[in-house]
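Each of the two complexes below includes subunit A, the first together with subunit B, the second together with subunit C.
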Partner chain A sequence: MRRFLQLLKKDLQASLLPVGFLSGITIILFGIVRLKMASSAWPMEASLAVIAIPLVFLPLWLLWQSFQTLRSEWREDTVYTLLVLPVPGWYVMTAKLLTIWIEYTVLLAVIIIGTLTFFTPLVRFGMQVVPGISWVLRNGILLYLGSLCALASVVIFVQLAFVVSKMVGRLQGLVALWTLILSGWLVDRLGVLLEPAFRWLPSLPLHKLFRLEELEQGVVAEWNLAPEIGSWIGVLAVLVLTSYLFEHYVEVNG
Partner chain B sequence: MKIRRITLAVLLLLTVLFVADIRYFGGPNSTKQPSVHFNVSPGIKAPAVEKSQSFVNSGEELSSLVLKGQRGNVELRSTDTDQIVVHATIGADSEEILDTFEVVETIWGSEIRYEISKGQEDEMPEVWLSFVVEVPAGMEVSVEQNFGQVRVHNFRGFLSLNTSFSEVTVWGLEGTASIQSNFGVLDLRKIAGPITLNDSFSTSKVEFLTIDGGYDFDIEVVNGVLAGKAPFQMDTQQNNKLVARGQSGDGVHPVVIRSSFGNVTVNLKDFEGTRVD
Partner chain C sequence: MSKASNALVVSGLRKKYPKVEALKGVDLSLPQGEIWGLLGPNGSGKSTLLKCVVGLVNPDGGEISVLGQAPSRLTKAQIAFVPEVENLYRWMTIRQAIDFTATFYDDWQEDRVEELLGFMRLDPTKKVSSLSKGMRARLKLILALARKAPLILLDEPFSGIDPASRDRIVEGIVRQFKSEEQTMIISTHAVGDTEQLFDGVVFLDEGTINLKGNAEDLRTQYGRSINDLFKEVFA
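== the complex of A and B ==
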């Protein structure tokens, strides 16, 4: 566990600067728009646009970071050390995944705190629409947990694509891109193939989980989990495969 | 070098499978049905004030009944008498609004029609109109309903339903049915006869009784889910389209179902075959 924490610490230290920079940019952007709104130069709707900018940028940044955290190991020649250390491949991969999760959490927290601090009228207006603060907190946490799972699957696919690209001599970028597409397709097919085995699972009532009836009566949203279970198993298999390939077959000179 | 070759070989094999999947099976979108299903049927608030009107007509001269309800309930059943009995209830938020509306009966040839009168103002205020109706067996009945419930029990004749944002229950039908539903929930049971169902963004369950002549199933579901226990073969086509064809008995009575973004379940009572999902 101590080795895992050391790996995590190393990755977090590497991401400290970019995350700090992005957080700073976000706060400065929010502050400028707030000042413009205070001087009545810009309408309240401008706050919506400025909140949307980092929210749209965030997934792109995290996708890039998924590549970058592994790429930096080759660029800075630290991959030698990683492979020599007596740590399993999944320690390395999950440490990087956890780092991405922490980056996401920090940047999301900055956006939320910035919104609450700089755009209070917008928040007050939004609170009139939703049933209550407990409803927002509950659904916010559920959405956050859901987004962590979605992010994890993206990171795992990217890690496999990168590691496979390091196992070939040429056209590594194209191989990475193609592996990304193929692995996504393969996991999707696995979900379809295994779907009959999980039909006994009941549908997940999302409207109850998110208490949608408090927002609008008569809304029913159900999630059929049967086709998803196979895909989730596939994603876990991809993580195991990536860790194994990284540990045993990756080309350090690639 | 060996691992490079193996990696390339595996990638090549997967690429062949991927291309074959796209070429011959239509790719990932062709067979994977949406796993999250939304259904919106807004809650109906109760009116503050109501008034009722009743109409009784002989069914000897009339063969067709049209009901136009809104935001309320429609209850319909067949009887062995030759009388058409209609109890209509109008609801509104205030007495002022209620006084400006009434149920209008119109007879045109062999058709009798019930609907709410047009208001004085350009903008229609919130008005509820519910019906409880008894008709002679064999009659043609057409119901239009938005935002509410339609309940049909032991109906014999020709039934036409056109509903939006409504919950439709038909328990017992001997005759022909033509149903159009948008954003609704349909529960059709003990159906004995040909049926045409068009739905979008709806959840539809249809249970047929075994009848002489049997059924000819012709079902198409686009961007939705089709399941059931009935003698049809399901085929997946491109663009998220599920097509099911099949017959029971001699296939005399057509069952035509067209659904988009819906969840359709079709069962034939006492069918011994396997369930289709």
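== the complex of A and C ==
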């Protein structure tokens, strides 16, 4: 565990600069929008669009970061250090996954706190159309947990694509792209294939979980879990496979 | 640990890169408790051989035995490897790099670290990115020599560094090497001042072994220094 935490600490320290930079940019952007709104220089629609930029940009940055965090190990030759460490491959992969989760959480917190601080009147207006603060908090946490799962699956697919590309001497970019597409398709197929085995599971009543009836009466939204379970087994299998390949088959540049 | 047993046994080792065959069936066995020089010009396969042993490169054929075991996570724990490339995290301080490495190895010797830092004249508060090439080479050596690893592999530790740093590294190796517990393999294409270090040498050329033997025996047999022999073989 001490070794895993050391890897996590190393990845977190390496991400301090980009996360700090993006946090700073977000706060500056919010500050500019706040000033423009105060002087009525920008129409409300334009201000709202600019406020949304960090939130739209965040998933793209995380996708790039999940690739970059591995690429930088090869580019800076620190992969020589990583590959000779007597640790299982999953230590390296899950440390990087956890780092992306923490980066996401920090940046999301900056966006939320920035929005609450700079755009208090807008937030107050928004609160009038939702059932209450407890409803917002509950659904916010649920959405956050769901987004962590979605983010994990994307990071795991990207890790596999990158690791497989480093097992071949040529056409690494093309190999990475095809691995990404193929692994996504295979996991989806696995979900369909295993769906009958999990058909006994009840559907998840999202309208109750998110208390949607407090927003609009008679809303019904259900989530069929059976195919999702198979897909999540597939994603876990991809993580195990990536870790195994990283530990046993990946090579440094020749 | 018996000196008669082998620290490293390699048989029929082959490795082919897309454009070149780096190792063409190398057979080699190196006894424990000695310092061996793996000598050859650039591109002779020295680095590839060491990378295969430590698990950075997967051979296309042949077998490797490190201290009697096939390469695995267990053998990684027994090898201290210094690569030719700059493998240090540049944003770390020297102290952070030391603490990071220490976490992963049970054979880490904290008391050796302070001694080595003083001997190598490195300030632990300095950032790796601010160090000269010679200082980084010395730091890499500290990270290897601070361990009581049974097998130490140094890949071109003197390449491109200033004479002062080279002398300090050679002296550091001589001071820290424990022949009753450790085996060291140093790959280099510049024999020169380092000849004094070697108990035995292996001449590698284009993926095959040209010459192998006890350094003193070779000097007696050929009537010249290893450095002169190297120049003659690879002229």
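Please note the rule applied: the second predicted complex is superposed on the first by the 248 of 254 C-alpha atoms of A that agree within 3 Å, B and C clash if a C-alpha of one lies under 4 Å from a C-alpha of the other, contacts with A are read in each partner's own complex, and residues count from 1 in each chain.
Note that contacts are C-beta pairs under 8 Å (C-beta built on N, C-alpha and C of every residue); 3 or more make two chains touch, one makes a residue touch a chain.
If you're wondering where the values come from, they're calculated on a predicted model, not measured in any experiment.
Undergrad: Mind working out whether A:222 is in touch with subunit B, subunit C, both or neither, as first, second, both or neither?
TA: first
Undergrad: For A:249 in the superposed arrangement: first (subunit B), second (subunit C), both or neither?
TA: both
Undergrad: More residues of subunit A are touched by which partner: subunit B or subunit C?
TA: Counted on subunit A, the partner with more touching residues turns out to be B.
Undergrad: Would you check which partner chain A:210 touches, where first means subunit B only, second means subunit C only, and both and neither mean what they say?
TA: So A:210 meets neither subunit B nor subunit C here.
Undergrad: Tell me which partner A:2 touches in the superposition: subunit B (first), subunit C (second), both or neither.
TA: second
Undergrad: Taking the superposition on A as described, I'd like to know which of subunit B and subunit C A:101 touches: first, second, both or neither.
TA: Neither: A:101 stays clear of subunit B and subunit C.
Undergrad: Would you sort A:86 into first (subunit B), second (subunit C), both or neither based on which partner it touches?
TA: After superposing on A, A:86 lies in contact with subunit C but is clear of subunit B.
Undergrad: After lining up the shared chain so the two structures overlap, which partner does A:57 touch, if you call subunit B first and subunit C second: first, second, both or neither?
TA: It touches nothing on subunit B or subunit C.
Undergrad: One more residue to check, A:78. First (subunit B), second (subunit C), both or neither?
TA: Only subunit C; A:78 stays clear of subunit B.
Undergrad: Is A:10 contacted by the first partner subunit B, the second partner subunit C, both or neither?
TA: second
Undergrad: Subunit A residues touched by both subunit B and subunit C?
TA: The answer is residues 169, 249, 251 of subunit A.
Undergrad: Contact residues on subunit A for subunit B in the complex?
TA: Residues 164, 167-169, 175, 178-179, 181-182, 185-186, 188-189, 191-192, 196, 199, 203, 206, 216-228, 249, 251.
Undergrad: Mind pulling up the subunit A residues that touch subunit C in the complex?
TA: 2-3, 6, 10, 13-14, 17, 76-81, 83-88, 169-170, 247, 249, 251-252, 254
Undergrad: What residues of subunit B sit close enough to touch subunit A in their complex?
TA: Contacts found on subunit B: 3-4, 7-8, 11, 14-15, 18, 21, 28, 31-33, 35-43, 225, 277.
Undergrad: Show me the residue ranges of subunit C that touch subunit A in the complex, using the header's touch definition.
TA: Interface residues on subunit C, with respect to subunit A: 17-18, 22, 48, 51, 54-58, 73-74, 76-77, 79, 81, 83, 85-92, 96, 100, 103-105.
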